[in-house]
Structures are given as structure tokens and as C-alpha cells.
Amino acid sequence: MSDHPALRYISKGAWGLVEPLVSPRAKDLLAKLVDFLENDVIPAEALFHAQIPTHPPEARWASVPTVLETLKDRAKELGLWNLWLSGGDFQGMAGGQGGGLTNLEYALMAEIMGHSAILAPQATNCSAPDTGNMEVLARFGTQAQKEKYLVPLLKGEIRSSFSMTEFGVASSDATNLRNTTAVLDAAKKTVSLTGHKWWITGAGDPRNKVHIVLAVTDPENPSPHRRHSLVLVDPKQKGVRVVRPLTVFGYDDAPEGHCEMRYDNVQVDVDSGVVGGKAGLGRGFEIIQARLGPGRLHHCMRSIGIATRALDMLLQRVSDPARKTFGKHLREHGTVLADIAHSRAEIDQARLLVLAAARRVDVAGAKGALQDIGIAKFTVPTMALRVVDRAMQVYGAEGVSSDTHLPYFYASLRTLRYADGPDEVHIQQIGKQELKRVEELRKRTDQIKAKSEKLLREGGKERAKL
Amino acid sequence: MSDHPALRYISKGAWGLVEPLVSPRAKDLLAKLVDFLENDVIPAEALFHAQIPTHPPEARWASVPTVLETLKDRAKELGLWNLWLSGGDFQGMAGGQGGGLTNLEYALMAEIMGHSAILAPQATNCSAPDTGNMEVLARFGTQAQKEKYLVPLLKGEIRSSFSMTEFGVASSDATNLRNTTAVLDAAKKTVSLTGHKWWITGAGDPRNKVHIVLAVTDPENPSPHRRHSLVLVDPKQKGVRVVRPLTVFGYDDAPEGHCEMRYDNVQVDVDSGVVGGKAGLGRGFEIIQARLGPGRLHHCMRSIGIATRALDMLLQRVSDPARKTFGKHLREHGTVLADIAHSRAEIDQARLLVLAAARRVDVAGAKGALQDIGIAKFTVPTMALRVVDRAMQVYGAEGVSSDTHLPYFYASLRTLRYADGPDEVHIQQIGKQELKRVEELRKRTDQIKAKSEKLLREGGKERAKL
Amino acid sequence: MSDHPALRYISKGAWGLVEPLVSPRAKDLLAKLVDFLENDVIPAEALFHAQIPTHPPEARWASVPTVLETLKDRAKELGLWNLWLSGGDFQGMAGGQGGGLTNLEYALMAEIMGHSAILAPQATNCSAPDTGNMEVLARFGTQAQKEKYLVPLLKGEIRSSFSMTEFGVASSDATNLRNTTAVLDAAKKTVSLTGHKWWITGAGDPRNKVHIVLAVTDPENPSPHRRHSLVLVDPKQKGVRVVRPLTVFGYDDAPEGHCEMRYDNVQVDVDSGVVGGKAGLGRGFEIIQARLGPGRLHHCMRSIGIATRALDMLLQRVSDPARKTFGKHLREHGTVLADIAHSRAEIDQARLLVLAAARRVDVAGAKGALQDIGIAKFTVPTMALRVVDRAMQVYGAEGVSSDTHLPYFYASLRTLRYADGPDEVHIQQIGKQELKRVEELRKRTDQIKAKSEKLLREGGKERAKL
Amino acid sequence: MSDHPALRYISKGAWGLVEPLVSPRAKDLLAKLVDFLENDVIPAEALFHAQIPTHPPEARWASVPTVLETLKDRAKELGLWNLWLSGGDFQGMAGGQGGGLTNLEYALMAEIMGHSAILAPQATNCSAPDTGNMEVLARFGTQAQKEKYLVPLLKGEIRSSFSMTEFGVASSDATNLRNTTAVLDAAKKTVSLTGHKWWITGAGDPRNKVHIVLAVTDPENPSPHRRHSLVLVDPKQKGVRVVRPLTVFGYDDAPEGHCEMRYDNVQVDVDSGVVGGKAGLGRGFEIIQARLGPGRLHHCMRSIGIATRALDMLLQRVSDPARKTFGKHLREHGTVLADIAHSRAEIDQARLLVLAAARRVDVAGAKGALQDIGIAKFTVPTMALRVVDRAMQVYGAEGVSSDTHLPYFYASLRTLRYADGPDEVHIQQIGKQELKRVEELRKRTDQIKAKSEKLLREGGKERAKL
């Protein structure tokens, strides 16, 4: 299957390595996805942007471009729906069709989606934060919570937010989060949620029907990992207020948005409104830990797609005959060729890293793949930023302007260097993890040295210097 | 097979991806190779170095450490002999047992060998330049040439040189080579070889029994690619002279060496002494092209092993309790952890790149894998140099001294950045290759744009700015 | 004067080197500027931004924040006006007071201004593109043009644009510019200007009273450097139209803006409306060349200031006690300390580079300083981007958001990597310039070699290898 | 003086900045030094190397090339002797003529010397470790010690070693050094020195007449900074033994060498043999601290010279007409031009950094310049290594071989990344130093914020987002 349409995006080297691990069904879905991307999704991007009003400000958050619904219908028709669903937890759930792919197979899909990171994930119901929220609900929600939120999420009828980050606090260490509390009544039947959050993705979206809010429910618990719970809140509910949309490099990401939120005495019933009901009290930290692994990898997968799209743009720009400087096409310049070669080499390596991590999740579970996911987490976005930056440079002023996607790509990728834990945290953890090999190494080295000395003695020689 | 001993060297992520492509026989050989490395090869390094006399200078080239023969015998016993042999061309050849591995499988072996790059390849008859020379003889030699040179090479009884590089000439463009000529007599029965070469690896070795010399035989041929032939020369023959051994960063690599050579009127019979006999005249350029691909990949594979050994050394050093500075273990320093994490990430990526390229050779042949091999060629040695340099830094003075292998690792790896074509040449070629995608990209972009305009028109909108 | 207030911003090392070259008057002005920056300018930034309406879109371009006029008045009072004026060309010009500084002295001023790059240059009438435009008018304008445009510009009463960049053309090679033509009438008395430009900085500003437009007036001239003229156009004039403001990473830079412009049959009198009158016809290319040198350096100077402000922000953030992660202050992390040290080292080096280039302009003129200016041009913005990016990273989400200046700093600096010629062009030129030393080097090397051989002969030795 | 011969080596930008600070006498010396370098020193390099026997090993350490004495005589004649002498401490000392330069002036000299780092410093009696040892003796030695050691050192009659580094210990934290002890007899009249040191530079040199050995004399002292003394030892004395010369990347640096040393019960009289006599007991740590600052800067100065020589070699190589590849001169390749431009930019910046640090020593003393020296320490060698590596790459095999100086340059520079404290230590210290500015920054920021809020209130506006 050397002429699979995905080879227009994925290098032959990587494909050769993983192809034996990809089922015929997944290959078929992948081919359909490429077709959908090229014939439906990317062509719809311009209309999508045009359908978002530029002003007045409030209009940006009042509606969702209709073209998106068209794309969603088409994706469902093609069976390109909920591809991220790995199976188990969603068995027999209405709307839960699709999926059943391995993580490796989904990695290939997600890379293709990354080529239209703004539309493709949403069009196929594979977008953050919904996917992570669906996982939380499927694994930890009560039956009623699943019916109320998970089913419409799986069907793409509603959207959701994950409300965790707090102002003035290093959120990468979740035990720091303390500015949102859900006070239990005496009977432990209801909680009153009050707090201040920001960077709540999707909170601006008119389709949003639920915020999953991390709040302190047991501040005195001796274990800092047992103090939080996850509270389900309706954005239309009394006491819930969007303070303002935040911007990233000047982009507001309307209509989804990243919002500053206030929750003031929001009344929530424990049974229906705490994830897992009463049994979920104090399990907030545990649940969000479980949520993070695969999500990080999905971001990496899509980032590869973004980087590849940027490289494809670069290739076309430097080949534009109108852009000769000093008598030379841009593509004839040695440094441009070097930029291309390095971009290709870096993309190829990053893709393989992500595919290997995805495969590792398949083989050893998300926990067994932590090291591989962590390495991808701090490696891939930085790589993609470099590639996008090189593309920007050949586009000149156009490359940083609203006339290309590049600055938006840059802004989106830049957030991944701190989201779900800043690079530095992952780098330190990988370093420490690697150091765990020392004991075995030392033992092995000692054995080798003993043998080595024995051989020297037998050979009648002293250890020489190189 | 999650507890394969190779996992002490190869990351689980990469292993998970390739394991389904590795045959049970290859897994078994790989396990034996790890055992051989740990129990025989690395322990023998000290004696190997001790068995090379330090002076007088000529003594360094007079004998080969006996421990090497012991290792070779052991490797044959274990079936770890000629693992690089891919089969086809060597069918039924005496000494040609072993091998039969795919390139992917051999890549794993070569990485393990890289942990003792000085001994393991020789011990298993997998070392350059012999492997490339054997390929030349097997594919292009006459039957008599195969019997005389190939059979003893396959048995590890003799060694060989490939005599190509010339002084004062950019050898990376082989058509530049013109300082060695093999003048045909009138009857075209003999040639008289005269020339000046340098960097002839293995020319100092007392076991060396043949130089394959690239020489101009048809200087007037209109095609610069038809002017050269490969001439087989006995190093003991009249007119052959080692001018001097060269050094790399102060290392002479005795007893193999990298030598400056003079050939003065060396008489060679065309039938027996031109590769391919009379039919081989003018095919020098063609043959050396065929020789280069897999060899480049072998170097990359071994470089991964060298880098991993350097990282393992680093891990042990920074964990040495005697080396606290300012009250802290070196391993507690954030920048040390970052060095470890980056080294791990870079090694993992490079390994995957090489494995994917090797797999590509299996799937599409060496020619079909050119792009992948080229990317590995300019990526891997640079990566390995970075890792070795980081290890050096934590070892301080010891790290640049004769008391560790690190400076020798550095010197060896540094040569790979220009050998078989400098990085810059490969980078330019990959850049140009990538640009060939532009036509397809442009067509696709045009189609997308047309659809996009149609959608805008139908939606009654103008193209908006992001 | 070791306690000069500028030492809060400029490292003592650089100060020690240049201090003897700074006049007492310049030191006094510099102290006043630091005071103005800290007590007036930076405190006014928030009000400035608050005074720009967010909507409707057209309101953003309708007025200029009044706080700016307050600052301008204050700067005039303090004698901090037109500091960039180097003297000569502006002698005796109304409004031309201030200035008289050396380029080295002005470099120090410009770095301080860079700490509030959005306000300080405007407040002191030292901002692009006005400074370059004033230079053009002073050096090449007719007396009438000087009175009409230069005098009010020097007084800060009006603003101006330089209209050069064209869509779809590599503008870094100005001979490519051909989409704007100014057709002379038969009598050569008037021109009719028609064309399409973009990235016209300041074209959105309601105070803007003149565009200096580069247009083709002599398309058939055999020399591509004699085909263009500079045409003065009133933005309110018939045929002049702002198509739209462009954005940089989502920022529109209102009310100045960077605009796409159309000029449709704009009628201009040659005597009054071509820079230099009739004598200026065909001199467009020559004039813009003269304009570029010092402007490039001013950008570099300010970039150092931006980088230093970002580092100062970083220092404060990592010292924030509320932001512990995993029990540690951010400032205790080794990689954070390394980021700080590298930022400091890079800023220090870049500053010295710019100061040396400024001094070189003082000593050898702008032409004599081309090499030094070119090196600064491709070095400084990249450095500043790195520092800003490090600051972003420690600020997390806040660092890419509208709540800090960092993403705006990043966006502004990013444009400098292609504006006035992309880095690549300058890099190539410096490389070529440096190669001009080869002839002298070769001669010297030959002499050395001859002497060396003589010494060897006299010493009775052969050349040894190291 | 725009045509000073030093401008063949030092960029005009840097020269323009420092020239007003350079005295006429220093300019004259500098011109003589350039002449000496070009006409005497570099031409003598080949003979110097040829005069060092290659074998037997012991012959390498038995004599010093006679050409060196010729050069020393010539340098004395020209007044280019002991240029590093800053005056004060050496007043009226026999042999102490020369010198009297500022640190800035000497920085220029040292850069020129760096072009022949192997010979020029020795030829002018400006080489490590003698300069540092002379400083120690001048500042802390007794009168008798000065007469015995300092005077002949100043005359260039003898050489010396500084014996500090110990095996198996992180010597960068000198309080760790504990493997060498000097036990006082009961009467405190003599000490018995026993210990194990390595990397003792110059210990192989037959001219060496004194080792200054850091030894523990008061192991129980509560302050770890009062436990050590410096003991003067004659290398011919009983109990002093060179265990072996060490190599750096395979180079032994004969006849100076870097040696592993044993001191076994070496008897030393306290008055004559402890630096400072009885009063010097326990002051070892204090003295070595005083020794390090300027020495670090001298290394940096010379490194700039090495980098410049490597760049000059690169320029000549890429201009060699014999080295076309694929029809192009190497100098026509865009990536080669970029390598040149970046090398030039990096050298220029590093030079300015070192000059500013030297000037700072002149203005504020070595202590006041610690920050500037530290930044240079971790910046300059890394930069020089990059430039040498680029030169290597264009030289191909020749560039790593004994036929060019490049690998030796590389090896020498590489040691500077850990000598006198590894880069990491300096980086951490600079980071911490920089953080000391936070208090002032925070105060200033608070004042600005208060003013800013006041302006907003007065202007009737809320803080807007950018």
C-alpha cells in the first residue's frame, strides 16, 4: 500500500515502520480522512473565519459558524467521528460509534487533523478539551452524569470546559490550586462553589453546556492530593460569569475562547454535580492525573501536522517565481535549502517519537508510556515552533500577518510549551527518570571492570591509556 | 518479550514499534550479541589497548592485539559473524554464513556494536571498510577476485582498504579525483598505477592484503562518470608505500591507521587486478556510488550506540557521591537534569530515524531509501557529538583525557560529519529533494483555493482575515 | 560617575567602556531621559492603551490618546526632543533644537527609550518612520518641501509614512518594486500616481499628513537604479485609499497601523510633490539607500531596551513567592538561573555590538559602518526574541496573553528579522564582505610560510606534524 | 590611527570604541607585537614542533625547542616582555620591566598573542601558569621567596607549576581538595608533604623549578577556607614524582605537559617553603581565590585570537580554487557564507565583552569586575569552539588531522570550559548575581504601577488589555 494518500503528509520512512501495525480498517479510515481534509475541511476554513463577526465584540461569542455543522454531518457520514475513542470505557454508549483504533492508528489520524487544527478536530468530534472531559465522565462519572453530559458530547451536540487554572498560582503543580472552593453543606448534599479561574478554554462558546471545575472540598485533608473534587456547573447557572475573554498573541479564538471566569456561590447538588457523586469527593487530583497522558500526546500529534503544513507553505513560497532577490529564486539560496532539510529532518524525528509513544501506550498503557509521552511533550511543540518560524521568515511581512495562518499557528503552538506542565517540569522529570537506571548501570560497569582487570592480569599487561 | 536484554540499551518506545518486525532468530541473535558485548567485548577493551605498543612508532603497526582473535573465535562460535550480510549477493559463498538479517534487524545489532565501536564490529567481521569492500567484490568482482579476496575477507583472515581520497581535492565530488592514474598498456592487458592518496583507513594494518584503488583509466572519456576504474593492489607489492599514518585529534588508530599512500608505477594485470576485469574498466564511479548507501547507515547505527554509552557514562558520573560541588550532587543540578533529558530525547529520535531508514531499505531498496539515509547521515553524528560533549563536560579534565573513551568517541564521530560527503552536501540534497513536492503541492493548493472560494461565494461572505 | 541612573539599565561593563566618549551634556540628558521614562512614560502606558477604543473598528483610527500629547510637552520641556538629530542637515531649522548628540550617545538614549518602545520614541519625536522621513526631506527635499513637511515633523505636529513595500514582490531587493507608477505628463510638470502598497506604517494615523511613495517614473531607464522617484502624497488627497489595516500576530498597532494602500490616479505636481523636485526624478533608489543605515541601528538600540525590560520582568516573576512548584521557588531552578545568565550575557554582548557600530558611524560615517551595522541588524533582534521568549515561558499562560507586554514585544521584534532586508540578506552580505580579506590573508600566509620554511631549513628540520 | 596594523586582527568597530582609551605607548607596543607575531612567532611554529622529538617518549620531556629562546631574546629586545605586568606589586623588581599596561590594553595584546597561543605567550613571558604564579609570589611571597622564584620567573629563566587539582574530587569547589596534606612538625618549622595531584600543567617541563602545591595543613580548622596552605616544592626534590603525562584529545603538550604527580613525604621548611612563610599557613584558599580573576580573562583574550585565526583559515580554504564541489566554489555556498557571517558576529561580540570586562577591572578592580569576568568565562570558549568547528568542517579530513592546527585549537579551547570552574558554575553564579537586582526592580515597578493607576483614575479609564 505504498501509494496510500496519507503519504502526501507522512514520510515514507515512518510509514514503512508502522504500516504493519495499522489495520486495514484504520488504513481505510485514514484514506477517508485525507480526502475529507483536502476536499471539505481545508476548503471550509475561509468561510469558517468569515462567519465569525468581527464586531461588536459580543457578537464574536454569540454564534458558531454554520459551516462547522456541515462538516460534522459529513464526518459522521464518512464514519470519521469520535476517532479518538479507544473503546473500553465507551462500550455501548449512544453516540460512541467510531473509534476502536489503537493509539498508534489514532496518532496517524491526529497528525492529518493537525493540518487543519482549527477545524478538523472539531469536525470529527476529536477536539480538546471535550475529549479529555469525555474520558473523565466515562471513567469517573455516574450513570446519570454520563447520560446528561457524555452522550450529547459524544454526539457533538454540546461542548464543555475544564476549569482548572487559577490566577497568581503556578498551576503546573495542581496541589497549589486553592482559589476555588466548594463548601459542603452540613448534610453533604450540596456544595456552594466560589472561585476565580482563568484560561478556561471553550467557556465563550454558546454551545457550552458544562464546566468541570476543580475545587477544594476538603481543605484540611492531611494529603494535598485528597483535597479537591471536580464539580459540574452549567454555564448559564446563577453565579457563573465570564469576566472576559483572554487573548493569545492578540488572538481571542472566538467563539470558543479562553476566558477568565468567576463562580460566585454556585449551588450544586453533590450526587448529580460532583463527578462520581458522593464517592467522587476528594478524588479531583486523582482524576485529573488520569486525564493528562493521552491528551498531551494528541497535542503532539496535531503539532506535527501543523509543522508539516507550515513546511508545505514554505516550499511553495520559496518556489514562487515572482520572488526573486538579487537574481535568484529563494529556493536556490543555500540557507533556504538548509532550512528545508532541517525542517524535514526535525519533523520526521518528532513524528517517529510520537508514533513510538503512541505504540507504547498500546503496549504498556498510559502509565507505562509516561517517559515516552514526557519526551514528546517537551520536544514536539518546540520543534513545530522552529518550523513555523522558518516559514514565517520566508514569507516576510505576510508571514506574521493575518493573511497567512502562520502567526496563529505560532501562537497556538507556543501555548503548548507550558500547557499541561511547562517544558521545564517535563525535562526535569525525564532527567530524574533516566537517573533511575544508574544502579543497574553501576552494577554492570563493576562486573565489566572486574572482567577487564582479570583479562589484563591474564594477558600480563597494565591498563593502557588510549 | 518485554524483558529482552537489548532493552538495557534500546528505548522501550523504539522497541515497541519495531519488535513486530524482528524475527525470532534475530531476537535470539540480538540477545546473544548483548551478552557477547557485556561479557566479552567491553571487558576486552583494556587489554586490546594495552596490547598495542606505544613505541617505537613502527611497533604500533607491526602486530594486532591477540585478544581480537580470541573475540573473533568467540563470535563465530556464537553465530555472531558477518551479521551485516543481507543474503543475495553472498549466496553459497564460503565464509558467508551468518547474516540473512533485514536491514532493520541489522540496525539493532549495529547499535549494540556501537557500544564498543572499537572492537565489536571487528570482532563480528562487521567493520568498515571491509564490509563495503566485500559488497564491491561480491557484486562487481570476477569469480577469481572473489576467491582471492572475498572469501578470506568473509572469514576474517585478511583486511582491506578502500583507496579513494586525494590530497588537495574536494573528494566529496568524486569526479574531482584525478591525481591517481592507471595507464593501460597498448594491449590493454596491464595497467601501471601511479598516484597519491590519503586517509586510507586500514592501510597500516599488518593483516591488510588488498587496496581497492580508484584511479583514472580513461581521462579523455567525455563523461566524467566513465573515467575511473577500481584497481586491486597488494600493499606489499613493488611501488606501494605508506608515506605516514595520519592522526585524528592526536589519535593514530593503530594498528589500522589512516594513511597517506604513494603508488608508483604499480603493475597490475587487468583481468585479475581491475574490479570486474576488463568489463570493469570505466565503471569505478558507478561502483563507488553503489557502495555508499548502506555504509552510511551502518555508521549512523553505531553512532547511536556510542551516544548511548556516553550518556550511560554521564549518568554514572553525576551520581558519584564523591563529586559534590557546593553541597549538591551533580545529579541534583537542574542543568544536569536538562542535559540528561535532552540527550535521551535526541538519542531516541535519532534511533527511530535510523530504524525507519533501515526499514525503508528493506521495503524500497537502498535507492528508494536515499532521502531517509541522507537525513540520518547529517542528523545522527551531530547529535552523538552533542551527547558526548555533554558527558565530557561533567567529567571535567578526565573527560577530555586518555582516562576515558570520551575524546576518542568525539574524534571518531567528528570525522563522520564530512566522511562520505560533508553534512552540507547532504543537507542541500535533502532540501532539493523536498522541493520536488512543490508541483503536487501547488496543484492541491489551487484545488483547495478554488473550493474555498466557491464556499465563500455560496455562503455570501468575503475572505476574512484571521 | 559610577552611580549614573542609566546604570539601572545599562551594564557597568559597557558603561565603563563608553563613558569617556559621552559628553557631560549627553550624560545629563541621559539622566533626564531615565527620569522621564520611569516617572512619566512607563506610568502612562496603561492610560495610553486605555485611550484607544476597542470598537467599533473605525474608532481605533479616529483619534490619538491625549496622554501622548502630555508626554510630548513634557519631553520638550526637559529638552528630550529630537534627540536623534545629528546636526549637520538640520542646522538652523525651526523645531530642530535638541540633538547634536553623537551616534554613540544617541545609542544609549535609544536603548533607554526601548524600555517603552511603544511610547518613548513618539514622546521624544524619535520614532520611525518619521525620523527616516525627516532625514530624506532634510537631505533631498526642496526648500518648500522642508517648510511644508519637515518643519511640522520636527515640531511633532504631524506624522508621516514611507510607502515602499508592495504585495507579491520581494521588496528586500528594491529594484523589484514595479506595481506603483507615477506617470509624467508630456510637460513633465505633473505625475499621476497609481499603485498598490502594503505594510505602510503610520498610514492609519489621523495625524498623518504625508506619504513618501516610491514609484516608477522612468520604467525604460536602462539602469534599474534610476527608474524610481519618491512622490509626496497627502493621505486626504483624491485617489488615496486605506484598503485595510494589517495585523502582526493579531495586533493592529492602532492608531498608527500598518496599512494596505491604494493610490488611484493621484495627481501630484512635480516641483512640489517629487522629493527634490524635478532634480529628484529618477533618484528614488539612491535616496532610500541613504535612508536605511542609521534607522537599522536605531531599531537595534531599542531592541536591547525591550530585551532588558523582558529580562527584568523575568527576574521579578521567578522571585514571586506565590509561584513555588514542587516546593521550590522558580528562581532556585538551575535551568531558570541558566536562562537568566544567558540572557544577561547575550544582552551585554548585543549592546556592545550596537555601541561599537554607533561609534563606528561617528568615526567613519554610515557608509564606513555598513559591516558593523549589518552584523547588528541580523544579531540583535534574534537575541531579543530569545530573551522575550524565555520571559514568556516563566510567565506561562499570562506570558502569551494580553495581560503582559511580552507577546506584543515578541510580535514587534519578530518584524525586525525581515524589515529593511531579511536576516538572510544581511548574513550573505557580511559573509561576502568578510571574504574580501582573503587576498591580504593569502599574501600574509605566503610570507609566513616562506619564513617558516627558511627557519626549518636553517634548523635542519622537516616540518613535523602536531 | 585608522591604519594600525592590529586592525588586521581586531575589528574596526571594537577598535573605534577602545582606541581613545589606549595610550600611545600601548599602541606602539601593540604594533610591535603584531610585527613580532607575523615576522617571528608564527613563522617559528613549524620549527618549534619539529624540535620536539616524537620518540622515545622520554625524549619529549628532556629538552625545550631552542627556537623558543631565540624568540624570547627577540621579544626582550622589542620591549615585548612581561606585558601582563600591571605594575603595583612588581615595582622595582629585577626583570619586572615591561608591563605597566592597563588591563584593557593588555587585552588587545593577549588577543594578538592568541593567534599563536602555543608560542607567543611563552615568547613574551606572558604564559599560564607562570603569570598567575608570579602574581601569587609577588603579592603573598616572602622577600626570600621572591628572590628565589619570582625574579628568575620574571626573567624567563625558569618555569613553574600550580599544583591544585586532585583525582576523584570535584576540584571546582576547592574546599573539596583533601588528598594532599602537609603535616607540620611539632615545632611548626617544617612540613612533610604527601599527596596525589593531576593535571599539573608544566610539570613535565625540564625548566620547571617550582611547584606551588595546595595542601591541607590544618584539617581540623572549623572554617573550610582556612585549612589549606600553598607549599613550594622543587620538582627535583626527594619524594616528588611525575607519574605520567596526561593527554587532551590525544595531545600531550610536550615538553610542558599536564602531569599526574605524587608527592611522598616531601620535606619543606615552613619559612622558605610555605608561600608567605609562617604567616601564610592556612591562607591557601584565600590566595588561590585572588589568583583566578585576571587569569580567566587572559584565557578569554587569547581564545578570541584563536577563533580569529580559525576564521582566517576558513576564509582561505573556502576561497581555494581547487576545491570546487558540484561546479561551485565553497565560498559561493550560502551556508558557508552564513558560517562566516555568524563567526564574525560572534567573535566581534565576544571581543567586546572581554574588552569591557578588562576595562571594568581597570575601573573597579578585579573584584568589581567579577560579574563581567564570569560572563566572559562561560561565553568566550564556547564561541571559539564553534568557530574552530566550522573551520574544521570546511577543511574536511585535513581539518581534524595533524596537518592543521585546528584539532589542537579545539582541544585547548575545550579544556577552558571546565578549567577554573566549569561553565555551569559560572552560569549559576551569574544567574544568582543578576537576581540581586530584584529588590530594586520590585520597588521601581511598584512606584510605576502606583503612578500608572493614578493616571488611569485621573483619565477616567480602566486598565485596558493590549
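Going in written order, the chains are labelled A, B, C and D, and every chain counts its residues from 1.
Here is the rule we use: a contact is a pair of C-beta atoms (placed from the backbone, for glycine too) under 8 Å apart; a residue touches a chain by one contact, two chains touch by 3 or more.
This one's a predicted model, so the numbers in the text were calculated from it and none came from an experiment.
Centroid analysis (C-alpha atoms only) places D farthest from subunit A. Here A-B and A-D were compared by C-beta pairs in contact; the pair with more is A-B.
Inter-chain centre distance (subunit A to subunit B, centres taken as mean C-alpha positions): 39 Å.
With each centre defined as the average position of its C-alpha atoms, the distance from subunit A to subunit D rounds to 50 Å. Across the assembly, subunit A contributes residues 54, 247, 250-251, 333-338, 402-403, 407-408, 424, 427-428, 465-466 that each touch 2 or more other chains. Residue ranges on subunit C touching subunit D, taken from their complex, read 2, 8, 11-14, 16-18, 20-21, 38-39, 42-47, 49-52, 54, 67, 251, 311-312, 315-316, 318-319, 331, 334, 336-342, 344-345, 348-350, 352-353, 355-357, 359-360, 362-364, 369, 371-372, 375, 378-379, 402-403, 405, 407-408, 424, 426-428, 430-432, 434-435, 437-438, 440-442, 444-445, 447-448, 451-456, 459, 461-466. Interface residues of subunit B, counted against subunit D in their complex, comprise 54-57, 165, 168-173, 176, 198-199, 246-251, 258, 322-326, 330, 333, 335-336, 392-393, 396-397, 399-403, 407-408, 410-411, 414-415, 417-419, 422-425, 427-428.
Touching subunit C in their complex are the following residues of subunit B: 244, 247, 250, 333-338, 465-466.
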